[in-house]
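The two complexes that follow have chain A in common; it is paired with chain B in the first and with chain C in the second.
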Partner chain A sequence: MFFHIVLERNMQLHPRHFGRDLRDKLVSKLMKDVEGTCSGRHGFVVAITGIESVGKGLIRDGTGFVTFPVKYLCVVFRPFKGEILEAVVTMVNKMGFFAEAGPVQIFVSNHLIPDDMEFQSGDVPNYTTSDGSVKIQKDSEVRLKIIGTRVDATEIFCIGTIKDDFLGVISDPGSTS
Partner chain B sequence: MSVEPFNRLVKLAARAFYDDITTKGDNQPKTGRSDNRGIAVVVLDALTRRQWVREEDLAKDLKLHSKQLRRTLRFFEEEKLVTRDHRKETAKGAKVYNAAVAATADGHHNGREGDEKIKMHTHSYCCLDYAQIYDVVRYRLHRMRKKLKDELDNKNTVQEYVCPNCGKRYNALDALRLVSMLDEYFHCEICNGELVAESEKLTAQEMGDGDDNARRRRRDKLEDMLKKMETQLKPLMDQLNRVKDLPVPEFGNLQAWEARASAAARAANGDLNGNDPSKSAQGLGFGGTPMPFLGDTKVEVDFSGTEEKGENIKSDSGSTPMKVLPPWMIKQGMILTKEQRGEVKEEAKMDGSSAPAGSSDEKKSAAETDVKNIQDEYFKAYYAALLQRQHEQEAALREQGLPNSSISNGAADTSFERQVGLKSKRDDQDDGDDVEWEEAAPEGNTTSENFKVNDLNVQADASGDDDEDDGLDWEEG
Partner chain C sequence: MGRSRGKKKGSEEFEPREVDDFDGGKAGRKKRRRSEFVDDVAEEEEEEEREYRAGKRRRSKRKSGLQYLDWEAVVDDDEEEDQEDEEGFDDDFIENGSADILDKDDAIQTHRSFLVDSEDDEEEDIEALEKRVQERYGKRDLELDEEPTEVEQQALLPTIRDPKLWRVTCVNGHEREVAFCLMQKSIDEGSQLQIRSAVALDHIKNYIYVEADKEAHVKEACKGLCKINSKQIMLVPLKEMTDVLSVKTKAVHLSRGAWVRMRNGMYKGELAKVVDIDNVRQKVTVKLFPSNNLRALGDGVSKKNDFHITPRSKDGFLLKEVSFRSVNACSVHPTIDELEKFLHSSHIEDGDMANLLSLSTNRKKAQFFKGDRVIVVKGDLKNLKGWVEKVEEDNIHVKPDVGYHLDYLVMSPKELCKYFEPGNHVKIICGAAEGTTGFVASVEGHLVNIISDTTKELLQVFADHVMEISEAASGVDQIEDFELHNLVQLDDSSFGVIIHIENESFQASFMIWCKVLKGIPGKAVVEIVKLGNIRCKLDGIKYQTKDQLNHQLSVNDLVKVVEGVWRGRTGKILHIYKGNLFIYDHHHLENAGFMCAKSQSCILLAGGSRATNNWNGENTSSCSRVHLSQQRSSRGCSSMNARGRYGVQQERDALIGAFIKIREGVYKGHKGRVKNIKGKNVQVELEAQMRVVLGKFFDELSNLLF
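Coming up: the complex of A and B.
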């Protein structure tokens, strides 16, 4: 789920940036530092949408670096248990398949794949229904439900299921190409 | 308050869940002799025929060793089927319990008058806790069904993997770390062995390597299991549904039950000597355990006793029978006093402004209901009484003997207090009829017709209470 929240961060700026465009430099450094990171509490920081406030800088003794407390608005993405996500399959193996929903890695184990889909090994490993109408392989898009999350300080990993109503493949790359 | 459906529930549950429970410790060798499976069912069945029971007595009745019984009962206590109570008591205290036991319907506990030791003993008592049993059985069924259903459609189950070499366990959340680029299996982080999926407990034996065939087999088995469970436990579920809306038989804790049962016993066998000093002394004199209930109940019982006595004296001494005839007895052409017709206007006037006019009516209706209460048994006696005044007096005397028993029955009924609401409703009704009765006596006939429709029990209880008012009024007059 996406959230638009205010976060705060202490930014250290090199003295060489001090000048007319100090503020721009601060923001661009903030974006470089923060976007794409993951915090266990808030999830993945997707994008910074604005600066709320920049506090008074504090010159560090010895180094000349200045620390600015910056409050910024950002979009974060955090997966929750029970959430429905659309994801792209990245790898298929006998144990199940891995998929990605943006920055989040999701594993769907084979017992959470509908019973009528069977693993087919070969050049392109895939899960296929007995009549061959539905196929899950690399780059398939699937809709899945998250049934468990592991949130570490810097990493979020999920396990999902497609064994439920309206879950499963939503577009098959094999059929379109 | 019927215990029977609940007893059936207990028996079904016992056979369904506790059939093969053995209370032997695991360290003891299981020989044929010490195999005590099924004992749980026997004990539960025995408990359905009792209320509170001392465990020694139960052991004696079941011809079990008391240790063995206690072990079983402790198991049931953990299972929340049975409530137990332990207390230190003298022989006197045991007597109170015996008196209480004698009052219960299944009084086949032999009295223990022999042991007159002053020594304090810790006695354990046990009793089925029907309300909790109902909940426990329901919860158990719910858990069984949920476990099977969850496993059947694999809801919210995180797959676990185990390394066959080093025994390290992983779950699906570790999958990203375990996946190897070389082949399509997960590998142990420690020994690089190939991980195998761990299967659920219920169907572990045929899970195998988790291929599709095994999965289907497992699914079939689960479905089969669920179906079997539904069919085999159907009687139990039916019984649960039947019991759902019934009031749960409640014996209260041991002391409350004892007090109530002994009070009921006194009320039941003591119609005239209801407040026999020796008995009441016994009731009071047990081992100093606090008994909040006893006072209340005793007061009630004594009250009815004195009141009935007062009535007896009055009718004996009074040359003219003051008994009010029931309206269905009064017929055309009868020569009756106003009192007999149920018009007690003088008394109502004597009560003055402080007493409401309804009191006389209340009294009258009370008398009516008294007679009606036993009309079935003494129907003919009353009709014979109509012929001659002498006979009628005799009948009146006899019937006055009988409301006493009805009162004591009311006291014996454990749900006695709950009838109070009904009683007050009836009083309202009487007040409503008030005006008609004052105007014309025969109107009483019509109102009594309404009363007849009512439940006999309710009338009996109400009359029991109304009689108390009656007694008071009479002493005033």
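Coming up: the complex of A and C.
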């Protein structure tokens, strides 16, 4: 799920950037530092949409670096248990398949793939139904449900299932191309 | 003890026989010579035969108790009787004192006459024989029929009036020999030897037991026997006397269908299932799947034959009858693999549940904790789910999920099973994969399939062995100093990254090992290494390296492999060592996502801040090299700050190529450039001497002056 929230961060800036475009430097450094990171609490920071406020800078003793408390608005993405996501399959193996929904990696175990789908090894490993009508392979798009998340300090990993109503392949790369 | 009693009884029992044959005693003796001549025809003449026999009998009786021993031994198999016979045999010896040695012919004749004797008796006074037999064995049959009551048993216990039992120290391993020596002595000395009996027990080393009235008698008997330490004689307390000669059998609780482990022999450690139990013979028939078949075959040809003759049941199992003692019934935790073997081989399609249920009867009491999710597996409330509210000794209070107005239900642990739902994050708390965490992928009865966090492999474990946890520990990821994904030195030439750590417990011996992906670029060589074989950790060592396009590479940079087997793969650099990169790619499952490649066969993708810096012409301070140059320009003042800002690692990194002055040791005062840093050693290229020296500096960083 995506959220638009305000986060705060203390930015350290080198004295050489002090000048007319200090604020710009600060923002660009913030973007570089924050975007794409993942915090266990808030999830992935997708984009910074604006700066709420920049606090008063504090000069660090000895280094000359200045610390600014910056409040910024950003879009975060955090997967939740029970959430339905659309994801792209990145890898298929006999244990299941991996899919990605933006920055989140989701693993769908073969226990959580409908029983009528079987693993076919070969050049393009895939899961196929017995009649061959549905096929999950690399680059397929699937709709899945998250049943478990593991949140580390720097990573979020999810376990998903497609063993439910209305879940499964939504577009097959083989059929479209 | 009943030994002295037995002796008395024995001698009594010999009496009638003697009397029986006694009728023509003296006459027989006189005629003996004659009867020897007619030996062969004697059978026809009854009277003569009788006489002859009697004479023979007396003679033989006096000469030795050999015949008794011979005959009784054949007839008897009961323990008590044996004892008696032995006593009788001893008595004969003692009574007769120094026995004449029978010449061969005599002995044969004696034997033969005895044979004849019994045949005749059968015809002649069969009633007497019957009576004798009755007397002799009748009582015993009765005893066999009825179990001796407690009171009867009590009456047999030794009292203070009975002879005492003395424990005598002897040389280890010579217990039997000493006992025999005492027997021989008693034969030689007869009644002078006042001890009643001597016994050596197989399970008691260093001691024999002597039955005698007084300690002096024991000492007297032991005199002259060098294997006995006659100074160390101890009285066995009355209460403990019975314990000496009674063999305690451990209570073995075996039931049909229980799992056991073989304790010794070829199948040591193998899991087996009890098929049949024979309590009388103390034997148990087990069914086992000989998995170490091949190993044993490989051991030698001699063993090969054993395999051809091993009886097998239809399913490929080996049925084996072993004694109770050679199986271990307690604390048997069959692993899933072993159980599967049993399942596969017995071709039971729907037997899974049955098998698992039978397992659950055998299972260790599962550990439940407050807050555990449980499901009822037995009884009326089957399939009811709930939470563990309270755990008591034998009861578990369960708060059901639905409907019931009761606060909680009291259940026994056997009726409950831990319950998990797919997606739960759990930790394995028992068995080979102990400590591993993962997600529950699916639940099949007692079995839970878990996807390991670290390896993404599927593990099948029992629900009892799993605990739900919230924290995301990544399983076993640390052994002593080494952590998962550490770069380690194996021997002089090889190094690698730890990609898997396992502590395996088998038969109480712990083995910790890890898999190491060796640093051979372009190849995935995984070696299983024991903890002891890892030389050291290669952390904190950073080599400068460049990619194909001459860009600086550093740890955490994103690179793409453009040559070799891994071509096309992208990943993050986790380690750099001697121009080799260890790249981690989470899409890549084999070797836990690691690959090793030459830095020259990779190209840097955008990513690390460092890369952009390089492209921008080294304009920021995050590049250590640049920093150093700054340091050099403003030597002295900024070095302290630099040290404070960056960790030791970066400090080390920064030192490569730095211009230093050596402060201590042989090369004190020399100036030089740091060539390389290896652990705590620094290679310094001296400016003045055109040579490279190795110094150990890192402990005392202050020794280095920029």
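Remarks
Operating definition for what follows: the second predicted complex is superposed on the first by the 177 of 177 C-alpha atoms of A that agree within 3 Å, B and C clash if a C-alpha of one lies under 4 Å from a C-alpha of the other, contacts with A are read in each partner's own complex, and residues count from 1 in each chain.
Here is the rule we go by: a residue touches a chain if its C-beta (ideal position, glycine included) is under 8 Å from a C-beta of that chain, and two chains touch if they have at least 3 such contacts.
This is a predicted model, so every value here is computed, not measured.
Aligning the two structures on chain A places chain B and chain C in clashing positions. By the touch criterion defined above, A:Phe157 lies against chain B and chain C together after alignment on the C-alpha atoms of chain A.
After overlaying the two complexes on the shared chain, residue contacts for A:Met95 are found with chain B and with chain C alike.
In the superposed model, A:Phe107 lies in contact with both chain B and chain C.
Contacts of A:Thr67 after superposition: neither chain B nor chain C is touched. Applying the stated contact rule after C-alpha superposition, one finds that A:Ile147 touches each of chain B and chain C. Using the contact criterion defined above for the overlaid structures, shared-chain residue A:Ser121 touches chain B, although it does not reach chain C. Judged by the touch definition given at the top, the superposed model places A:His14 against chain C, while chain B stays out of reach.
Of the two partner chains, neither chain B nor chain C is touched by A:Thr129. Here chain C runs into chain B after the superposition, and of 22-30, 130-138, 292-300 or 436-444 the stretch doing so is 436-444. On chain A, the patch touched by chain B and the patch touched by chain C overlap at residues 91, 93, 95-96, 98, 105, 107, 109-112, 147-148, 150, 157, 159, 161. Within the complex formed with chain A, the chain B residues making contact are 153-154, 156-159, 161, 172-173, 175-176, 179, 184-186, 197, 210, 212, 215-216, 219. Contacts from chain A toward chain C in the complex involve residues 14, 32, 62-63, 81, 90-91, 93, 95-96, 98, 105, 107, 109-112, 146-148, 150-152, 157, 159, 161.
On chain C, the positions that touch chain A within their shared complex are 421-425, 439-442, 449, 451, 453, 456-458, 472, 586-587, 589, 609, 620-621, 641, 644-645.
Residues of chain A touching chain B in their complex: 91, 93-96, 98, 105, 107, 109-112, 115, 118-119, 121, 125, 147-150, 157, 159, 161, 163.
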